[in-house]
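You will see chain A twice below: alongside chain B first, and alongside chain C after that.
Our next item is the complex of A and B:
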């Protein structure tokens, strides 16, 4: 038994532990307070006041690529929103495609075909080791700006390639569109009925037919019939009119460079994560699956991958976060993402502290949202212990 | 035992920090300046060899004192604009703006070489000046009301009257603004240029798509590749860069249309009126010297047999104009002797014999139909 009364306070292990932590926190707060106070004093000295009211002022500049209506008479706040949406757009598309390519390359990396494996390895090793900024600038000025000029645009099928951007035909809704939408809903209902009937049939006979296949076929049939009967869409082809290309869907070289750069770069990392995840699944699992008569695709799809996912998801999350944050390199290729737009706002309004604080907190929120979602997904696919 | 020592160490640090804080929250501006100075002195005593980071001196006379203590002027420049400020093939800073940095150094130190050039992007420039990273900003910065007030800055004198223009390919056949309806236009981001472009096109009811880039080279290389139909900037920059950065300068032309007034000149911080006066009168000195025909070649001769009392005052032979600014009495002599008058500076960097020739136009003396006019040296 230890008599706590005999130990002086400054030698009491428990007290010192708590004291140390309290002290550390105190120092941290004092230090932060000092920094913030210093900044406020300096700002006051310059006659600059902090505040976010400038967000309601007219921005006065135009932005090249917008997802929501915006012009020079819009506010700084709206300019921020335009930048945020552009960032979200390129990040989301980037994440989807980087994941798809990453999985394919990661699986290819483990292929028993020597050539496939070698190519996948070269892809991973080469692209993972080039700085993203270099890659982006190369793709922008070496690929997309080198496409032919707009008047000599290159046509691959109906898609128009030029250094003003890639223009693709795009369906626009016609008068028949509302009716078509209703018809599609009907198709969905029919597909559900088909699925249910077949499922019941399977339950009864014990020989389940290709339930999904047939219901999908029913839905597709409805879609095709709907397209023919109502003609809900009209293809709009890009055409050169004066200096502009009108109609169709336009992807600017800036967007294409940033997006493809992010996808290529991140997919190389994801491929390696996927490879590691697959290799983490014990070999016995594969052998057992094969001896049960599953094909190699089935083995991968039903046995290996579900188990590999548990290893893959946490590092995958961090690569998703990286992709989102890396999208701020857009500034190098002139894409108006959040960071680029906030740079302009900073310069035009002169509100350095507020603009940077806002940009940082938006990136932080984006990242936290992504990791929140991925953590939820991670919990969902976790191995259920029985 | 070591733990105890550590804790005592922490306590010591804490008490020091608290003590430092205790004297801080006094609200009078006098005290504020004092605390700032205190924070600077710490690194000086710790490592006397390294220069202290300048804490944005802004009270009357503070800037000059800080510059003199440092022994050199820190001048914020563009660094990528041939003819205005760039590093020439010999590795020296050269250009019109760079020479005005030298004018200031000559006035303050009597030595035009005591300048440290700090290249800044459009985005960095105001923050760099506000925080005192540079003493003066001579970086083709347009004088506007908002910048003059909201950013806590003072524009001194216009050294170069510019206007915004549009450059297009000759074979495009564009001759006026209306031809550019629907065009894509390359522009450097964060500039007044970007705002004027938006204003002009919206006023004229024309459509356009901006393609904005972070730095000059990027902007012009995108234009050169045909990413844009036109590129817009100050006409001086267009003519300077067109002859420098584009692979085929002869195939491009600057449209006559002028989108805006762009008065460019040195910028200083709010709060130090003495410094404002020094910068302003150093520039006036170059105007005045041209007006009176004083050049770097004949200034010594002029000093020897000066009769005009105003020239005598100017060169420091009579009166005490220099000390009134906080400078030596031969400050203006040093400017003219070491850097030259306005015409010399202009011709050296933007004259007919340079690759970046820009006709003087508005940048002539008022006696020759220009806008340069120096108040009397009295």
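Our next item is the complex of A and C:
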């Protein structure tokens, strides 16, 4: 008689694993199905059906700030696009300026100068511990809306500050502009050639020159020459006529408060990241580099900075992502970003489910794009282990 | 080799400066440092003089004094205010315990915290009851402080328990237990408001999201692909959208998801949104702790014959969660600040109450005063918690052991 060697089914681990997963998925799908069924029932009672065809309908509302042509006869889809572009615009500008200020404050936080260090510390500690939303509303209603009226506007240089917004001089293209654009393209080409030649030189000799610096310099030189030769722009200054401001670029209080709030808030976090990154490089590295005969600039450029960057980039990524997500607080200051435009669309069309799903998936793809890019950059600068 | 005796080795000479020498070395030595000093001095002057001048002459602080109760407790019924005061005293007690067992040689900040309620009691416009409570508060904290000093290590071991039980008692006290005619009536959520609501949302958010986050973290490390993929999808999806969208979804879509005419109130909806949001972040925090556990621990547990569930419960999680406590406090602070977003969906938390006060015709134009005041409140608690968590991190010796 042969004894059966197989384990019973209910104790076979391979079977249990598959069974557990199937059961888990089943419960999950039943639960989700129940929720969605409830939702469909509720929508049916309200006489609505799911679908994205409403995006082609006329929106019928105005948006205060647009980067592409838009009016109230445009479609809901275009309104979404306007909001998306506004979000992208304010996020990009915010990221650039927050990084710049963050680096300055982060370095100042490590200064040997007691006063500079103190100021940087106050800046960081004060801003890290208050909610962004409170900061935004404070800046909007306590600073930008409290600026003097247009007649008594403050002037800082040629820039005009009033409760109707900030008016800045703005370049207007002249006849020379197309030629200048062509010239800039030429400059870009020259910069690329410079970059390639220097890179090859570095590969051959093993002593890489400052590739990026020189190619940037070439491009800048082309820009300056182009500006002088073609004079492609004419500066237009804002001027007051009656109660209206003509010329120049108007930055609304809503945009200014959202942008400056995001920049101020995020820069405090970035400053802390930069400080931690620089402190993470052991002092021995600097000393060793100096004793090898590197100049202090070379030490910073080739030894300290690359190592600090490895520590800085991952948290920096998450702060960039946070800034992008935080730009949705624009709804509190009335700036028409993606989320606040979605809110308006939701109220106008009554399509709660679709609008929220659309807005969330757009944020999802924005975040994915940013983190893809930053991951790529992170891989490039990563420590190569041998 | 013989150790050199104490007489022969002198400690290295400490650097000593006169005041002028210090100023010279720190503020003036390289020429650019002197320039920086000048710049910093100018900045301090340019920022702080107008600010101070405004604060002491132009600002209308009476808007705060008159509406202080609204800002703190919202519309919470007057006859039940003692519950909130009791919670505050309990908080003072737990903070005193933490301070006594964790902070060594940092008496000055502790002293400042002790005196703070007395300073607050000096503000005109408070009722006698408020003043009495404020006067008693430092004594409560002080007693707790000395109790903790008596048995530092004992108290330190149970600190997490103290905080957890405080949170639970706090929620129970504010909410109540029995129907309106009972001995301990429930206070409906629509009168919760102000700082108390902010705290409640934070505490409930952290406490309720923790189990969900724990499961998601374990799920993300599971060997079963279905569970792992679902966990990853949830975590990454939630982490890449803003909290406002989730709060909005909770307000608008949650009622749709529920059967029939089941109605849930706005505060609960906000809490659901916050919990769903925070759980994804908690999962990542816990995962950080799990990853810090060396693989040998799993193997040892397996060799001892524990199954997967037992391994996690008895071996892995106790170690992992110890690593996570400081991060958890960080999450608590972040959530405390993030709860201000519920003002956007119309709840009357600290920020929401501030907005509604500014809507009163009598206080038009006092935005600066009101928002500065609530910023100060947010800042104070957030800073104190951050400071405490730093001490906690050092005392627990995370990463050292």
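Methods note: the second predicted complex is superposed on the first by the 295 of 386 C-alpha atoms of A that agree within 3 Å, B and C clash if a C-alpha of one lies under 4 Å from a C-alpha of the other, contacts with A are read in each partner's own complex, and residues count from 1 in each chain.
Rule of thumb we're sticking to: contacts are C-beta pairs under 8 Å (C-beta built on N, C-alpha and C of every residue); 3 or more make two chains touch, one makes a residue touch a chain.
Keep in mind that this is a model prediction, so the values were computed, not measured.
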Touching partner for A:16 - first (chain B), second (chain C), both, neither: first
First (chain B), second (chain C), both or neither touched by A:321: second
Contacts of A:142 with chain B and chain C, given as first, second, both or neither: second
Partner chain(s) touched by A:256 [first = chain B, second = chain C, both, neither]: neither
Which superposed partner A:64 touches (first chain B, second chain C, both, neither): first
Partner chain(s) touched by A:352 [first = chain B, second = chain C, both, neither]: both
Touched partner set for A:31, first chain B, second chain C, both or neither: first
Which superposed partner A:42 touches (first chain B, second chain C, both, neither): both
Touching partner for A:364 - first (chain B), second (chain C), both, neither: second
Chain B and chain C contact sites that coincide on chain A, given as residue numbers: 20, 24, 38, 42, 141, 145-146, 331-332, 343, 346, 352
Chain C to chain A touching residues, read off their complex: 26-27, 33, 36-37, 39-41, 43-44, 223-227, 230, 237, 239-245, 248-249, 252-253, 255-259, 333, 337-338, 340-341, 343-344, 351, 355, 358, 367-368, 371-372, 374-375, 378-379, 382-383, 386
Residue ranges of chain A in contact with chain B within the complex: 10, 16, 19-20, 23-24, 26-27, 30-31, 33-34, 37-38, 41-42, 44-48, 60-64, 71-73, 141, 145-146, 149-150, 163-164, 241-244, 253-254, 331-332, 334, 336, 340, 343-344, 346-350, 352
Complex contacts: residues of chain A adjacent to chain C: 17, 20-22, 24-25, 28, 35-36, 38-39, 42-43, 111-116, 118-119, 125-126, 128-135, 137-138, 141-142, 145-146, 321, 325-326, 328-329, 331-332, 339, 343, 346, 352-353, 356, 359-360, 363-364, 367-368, 371
Residue numbers on chain B that touch chain A, as the complex places them: 3-4, 7, 10-11, 13-14, 17-18, 20-21, 24-25, 29, 32-33, 35-36, 39, 55-56, 58, 122-123, 126-127, 130-131, 146-147, 150-152, 180-184, 189-191, 194-195, 197-199, 202, 207-214, 218, 221-222, 225-227, 229, 269-271
